[in-house]
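You will see two complexes here that share subunit A, one where it goes with subunit B and one where it goes with subunit C.
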Partner chain A sequence: MAINVQSAEAAVRESRLGAITGYNGTIKDLVSRASCCSLKNRERCFSQASACSSGCAQGYLSGIEDAAIVNHAPIGCAADSIYGNTANKWGESIRGWKHRNINFITTNMTEEDTVFGAVNKLREAVREAYMRFKPKAIFVTTSCVSGIIGEDIKSVLDELSDEIPVPLSPVFCEGFKSKVWASGFDAAFHAILTAIVKPPEVKTNKVNMINFRGGAKEAITAILARFELEPVFVAPFSTVEELSKMSESAATISICGTLGSYLGNGLEEQYGVPYVKSLQPHGTAGMDSWLRGLGKATGKENEVEEYIAEEKARITSELAVIREKLKGYKAVVGMGPSFGHNYIRVLQELGVEVVWGATWHFDQHYDHGTCPESSRKLSDSETDIPISVCDQQNFELLNLLNKLKPDLYISRHGGTAVWATKMGIASVMVADEYSAFGYQGLIDFGYRLIDAVTNRSLAKNLSARVKLPYTDWWLSQDGFSFLQEEVG
Partner chain B sequence: MSQLVEQIRHVCALGALQSVLAIERAVPVLHAGPGCGQKLWGALGLDNGCQGSGYVGGHSVPSTNITEKEVIFGGDKKLRETIENALKVIDADLFVVLTGCTSDIVGDDVGEVVREFQDAGKPVVYAETGGFKGTNIYGHELVLEAIIDQYLKPSEEIEPGLVNIWSVVPFQDAFWTGNLKELEKLVSEIGLKPNVIFGPGRGLQALNKVPKAQFNLLVSPWVGVKNVQSLEEKFGTPYLHYPVLPIGPTETGKFLRTVGEYAGLDSKRIEEVINRHENEYFYYIERSADVLLETRLLPRRFITVADSFYTLGVSKFLINDMGLLPETQFITDDVSPEHQEKIEEEFKNFIDGISSEVVFTNDGGLAQETIRNIKFRGRPLILGSAWERVLAEDINGYQLSISMPLSDRLVLNRSYVGYEGALRLVEDIYSLVLQDFQ
Partner chain C sequence: MNKPSGVNAFMPYIERPRFSCALGGALSTLNSLPGVVPVIHASAGCGGNVFASQQAGSAYYGAGYCGGLAVPSSNVSENEIVFGGEDRLREQIANTLDVVEGQLYVVITGCMTEIIGDDTTGIARGFRNQGKPVLAVDTGGFKGNSYRGYDLVLERLFSEQVQKANEKAPDVINLWGAVPGQDPFFRGDLAELKRLLGLLGMKANTFFSYDETLENLNQAGSSVGNIVISRTYGVEAARTFEQVHQTPFIAVDIPIGPAATAEFLRKAADFAGINASVVEKIIADEQRDYYRYIERIADVYADLDLQHYGVVVGNASYSYSITRFLAEDLGWLPELVVITDCLGETHKEELKVHFGEIKYIKTPKVVFETDSSEIQKHLAEHWPLFSEKRYFHSFSPAFVFGSALERDLAAAIGAKHLTVSFPASNRAVLNRGYAGFKGGLHLIEDILDVLVAGR
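So, the complex of A and B:
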């Protein structure tokens, strides 16, 4: 399905990408059924708090240096702006930048507003955001309340565009519309694609690097420099001006397949900027595939092959040492689908046996129409791996960990590693998206795992003292007994 | 709170899920959107002194995760199913159903669903905490109201000396466990039996004792007045409302004398307790006085940008005990208008006729803009939240985070209450002054 820039909003992942949040099976079954479109979601009759689109949308957009966010919502929907501000400061620190607070205002909707509407408050808030922050663009993020009461945000912004001379864009990210919080990234990218990106004036040697906080900024700049390319880190820590020129770039690459699909394919469809549809650059196979994709898109195949050979030779002996040390360890992975299916491969490269992979959702296909490359790669390998999909449902995950009792639990997204630790399992949470980036990243990550299994005192002590919040009854059940039948 | 807000310092009514989690083995069950829980505990917990999920918080909190289907067809069925299974899956003693905006707008009959469980003898109560109804502080009061109305039972007997202590809002105040413990300690030292429901080792046992108390002690500028009034109506328990969080010798002495007098205790014992604490307190202050007085760096003027507990409590301490002078104080917890006048009065009532300007606003951007326009002589001390770190850098002030959000601090059992708490605050303030140039 092509990305529709004429539409005011991006369709949610359930309808656009066939995304599901409930599944229990194996990677081979998952991929084969996804490929023939016979996979349906399974709902749960019990659930725990997960996450929503608005968090992803406004968290991501608030990282743009000179943009402002107006959240048209009750004040609680802006709660994540505190994390946004904290994470933004971390990114500023690693860049040696002076700190700022993010530009974020909430319209603070009240009970009265739910009855009479609050478009006047929104109008005032947008004006105030322009006055306070002098931003180069203003994004208005929606909420469950603004969505349900039917606030006409687009008309308000159209009217205001006469008096405020910067792009004003709605970002439709109502929490109730999707169980897949990554739909919020698409909402953010849809706004960037439709309101910020301008048609190209020239073609450049730049590469759009879609990521989160850009922890490996220097390494990537150095790698791309070898191919006479220059990265533009999208979207946090970039400027509106930089984003507006993404159409001029030579290619788009992404650290995460889930994150990159919408913008990468959108730029390709609209402006012919090739999107590299490869494995993600975690570990050696991922980096090989990612760099080769980039080389092909930019005509730098030979330079890329030279670099790959050099780097692989450089890490061979160290990788062997690590594999020896990690031999025999068993791990469970719990991450978003792109990271999850890529990290299973990373762990295998490090000699760790992955006994289960849980992902927080699964896209049956990306915006370019094919099943995710990382999932296909896993399903092509000889061994089949047990796989489940849950929107971070801890009751399901802990039931599973309690039965599998792995040596390691590797996660991404806060809020699960702590529980595995309480069960006495050495846990590593991948907070930095560049944790196992490429060849050197694989080595660094390997040492991190070795550290994690070398001293497990915190996990052991906690598990000896702490009671889990689940009944014995639940822990003795089949962990997937609350998954209902597939529905269309 | 109808105006727009930049730099939030509280969240919405549903944030009261954290007040439920503050009661040992109580669990909130959210009838709300999929992201409400994560956003709220992030702001009140993780990014506020690194208060994590604990026993059953974070992604363990049961939630209906309302989708379009429930918005269109209603969410009663989904809620019933979620409560039913939460009772089977989660090992807890009290289940508190909290609604979010979506359910409150759509008009699910949550009361009816919960009553089915109550009629079956299950420990389930509910509060309608749709985010648009108010702040998490308002929500905290709603949760307590729900527990008072739907859970607590009248007691045949009153236990002499038993005092329920109600004060800071758990999680909103990152120092809540330490602060409540310190209040408990002080009250027990003068001969009363304190009963606090929030924090480790208390839980339903403490909650069940609430109706037996001789009186309720509310140590708060305004939060909780509604609850102690309800307890008086329902159980006939009288209450003492002490409006200042006691920090330092002047206010803590006053606090202990007021409580002692109200409870009819022997004043000699109270004076002994005060004297013992003051001796110890002044031992440390005397010892550090050289540095407090004889360096060129110390701030003379302070600003608080904090909730009413800290703006008032800290101002009293810094003015009445530490010899500092106030600039404007910004009160950020959306104090309801009927309580503002009384709080403002307190800011006119420091030693030697000193008074302070007060601004009630939950718009941090507005507060900071006002502060940027103040002409300071010397470097000011800014006691606020992590939002003030950039401001302090810009105006060359000393900054310490004491009020939500404290994303820049890890808080375990530290308290700023009483004599001990005052010493901690002095340590924290003057350590940052000394670290600033080294």
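So, the complex of A and C:
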């Protein structure tokens, strides 16, 4: 399905990418069924709190330096901005910037508003956001409430565009519309693509680097400089002006396949900016594939090969030492689908045996039409790996961990790692998207894992004294017994 | 009836809110009660998102027994929005009873399931009639903020979970009003006040302390009285308690430091019918210990000339008590108080009058403002921050007591800063509290930590 910039909103991942949130099987089965599009979702008759599109969309957009968010929602949806502010602070410290609070206003929808509507409050809030923050763009994020009562946000913004001289863009990210919260990233990128990105005036040597906080900013700038390329870190910590020129770049690359699909393919379809469709740059195989894809897109194949050979030679002996130290350790991975399937490979490169991989959803194909590269790569390898798809479902994960008793639990989302710790399992949370980035990153990550298994006293002490909330009955059940039959 | 908390209909918009919604407050309240398992009837994101904001906002409060991503949640989506979510909720509750161990399960709702009109209370009653410990509270986020959620949950627990008692126990008292997940210091504060009431010979149920079980709540009907340590939060719940169990209550300020705590103990003793000489002896002992520590720290205070002007930003309960501590115990000059809650007009007036009763200082300017970027304007209106005049009495040295959001303000006016209110993302709080005598010492420690950090 092509990306439709004429449409007001991005289609959700279930319909656009055949995304599912319930599955239990193996990587080979998952990929072979995805490749012939015969995978159907399995719902749950017991579930636990997770995340939603609105949180993803607002969290992501609020990082743009000179934009403002107006959230048309009851107060709780905007409380996200508290976490958004702390995440923002982290990115600021990476850059050595002075701290500023994110620009965020909520329309504070109340019970009355659900009956009479609140477009007047929205109008006032957008005006106020413009006055207070002097932003270069305003994104209006929707909510379950604004969606259910059918608020005509687009008309309000069309009217206001006469008096407010910056792009005003709706972001349709109602939580109930998709069980795949990554749909919220697509909603955010749809707004950026349709309201911010301008047609190219010149072609540049810039590379759109789609990411989150940009922890490896310096390293990437140095690597790309060798290829006479210059990264633009998209979208948090960039400016509206920088984003508007993404159409002029030589290529788009992404730290995460899930995150990058919509914008990368959108820029390619609309403006001919090639999107690098590779493994993600975690570990050696990932970095090889990512850099080669970039080299091909920008005509720098030889320079890339030189760099790869140099770096690999540099880490060979160190990697062997780490692999020796991590030999025999078993890990379970629980992450989003792109990170999950990429990190399983990273752990294997480090000599760790991955006994289970759980991902929060699975896209049967990306916007460029093929099954995710990282999933195909895993399924092509000799050994098959048990895989499940569970939207952060804690009861399934803990049931699994209790049976598998791995040495390590590798996670990527806040609130997941602590449960492994409570079970006495050393956990490593990949909060920085550039952990295990490339060759040096692989070595650093290897040492991180060695440290984690070296002293597990906190996990051991805690697990001896903490009561988990699950009944003995549940922990003795098959962990997937609440998954229903596939539905079409 | 005057509804002091959570009535926010008249706030057309709020910048970077300092609270979550009614569902968020209900969730952190239930997650702090021993043996209680919340069941959310809402979209998948509600539980995760309000937890993320409380986690960052309330000084890393954590998931606890069954919070965070472990909270059972029906995760309704488009299908339920169109066809109704009652079947899904029944299924979710039935399976929760099998999967999650708890003594009481409380269903709380989000906006979407209330708009579509699911009969959550009826479904919970169905389970209760079969002998299952299930309750439900309508906590749709649009009903108000976290503070409202706290009251809504307590009201339901007091009317349906607390057992009717035929006889009152003269030495048992209930105490609440510090809001879990909103008041970063609620555990430490409750523990100190419980300790002090214990010195008076009272057994205090706070419901949330680690040394209590659900039985403390179940048996709370036998208490002789209720003390609410807020004039704003938990007061609605106290009225409900009074109606159902005929238990009288007093709503007092959360006491911080020796002056306020002495007054608190006198009021509590009077309320519980305890002899004045008993209470005076305890106050004298506690104050003696308190001032032994102060005597030692007074050296550096005097040498560094540490008297400051103060700006206090926070919720209605804490900002009053911090201000009073600064004025009556520390000898500082609080000039501006910003109360960041959404409150009714009558209640705002009551609070303003109350600030006028603080001794030793000219009454500070009290404003009601939810939005951080507006606070500097209020300060500038009260005390000109810049001037062309040759002689200019600047607002310095100044100290801002607020949330992590006030780092901007403090930097802009060249003031020192300590986080004492939500969101408290730059602090980690375990058992620290500012209430009572011990809390006063903690607060002085934290203030001086900031002032001597550069030495």
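Some observations on this one:
In the analysis below, the second predicted complex is superposed on the first by the 488 of 488 C-alpha atoms of A that agree within 3 Å, B and C clash if a C-alpha of one lies under 4 Å from a C-alpha of the other, contacts with A are read in each partner's own complex, and residues count from 1 in each chain.
Following the convention adopted for this analysis, contacts are C-beta pairs under 8 Å (C-beta built on N, C-alpha and C of every residue); 3 or more make two chains touch, one makes a residue touch a chain.
What you see is a predicted model; the values in this text were computed from it and never measured.
Superposition of the two structures on subunit A leads subunit B and subunit C into a clash. Applying the stated contact rule after C-alpha superposition, one finds that A:I3 touches neither subunit B nor subunit C. Once chain A of one complex is fitted onto chain A of the other, the partner contacts of A:A78 extend to both subunit B and subunit C.
Of the two partner chains, subunit B and subunit C are each touched by A:W474.
Once the two complexes are overlaid on the shared chain, A:D113 sits against subunit B and subunit C alike.
Common to the subunit B and subunit C contact sets on subunit A are residues 45-55, 74-83, 85-86, 98-101, 104-114, 121, 124-125, 128, 132, 143-145, 148-149, 175-179, 181, 391-392, 394-395, 414-416, 418-419, 467, 469-471, 473-474, 482. Across the interface of their complex, subunit A is touched by residues 1-8, 10-15, 27, 30, 32-40, 42-44, 46-48, 52-53, 55-56, 58-68, 70-71, 81-82, 85-86, 88-92, 100-102, 105-106, 130-133, 135-136, 365, 369, 386-387, 389-390, 393, 405, 407 of subunit B.
By the touch criterion stated above, subunit A contacts subunit C in their complex at residues 44-55, 70, 74-83, 85-86, 89, 98-102, 104-114, 121, 124-125, 128, 132-133, 143-145, 148-149, 175-179, 181, 391-392, 394-395, 414-416, 418-419, 467, 469-471, 473-474, 482. Those residues of subunit C that touch subunit A in the shared complex are 8-9, 11-17, 19-24, 37, 40, 43-57, 62-63, 65-66, 68-78, 80-81, 91-92, 95-96, 98-102, 110-112, 115-116, 140-145, 372-373, 404-405, 407-408, 411, 423, 425. Looking at the complex, you find that subunit A touches subunit B at residues 45-55, 74-83, 85-86, 98-101, 104-114, 121, 124-125, 128, 132, 143-145, 148-149, 175-179, 181, 391-392, 394-395, 414-416, 418-419, 467-471, 473-474, 482.
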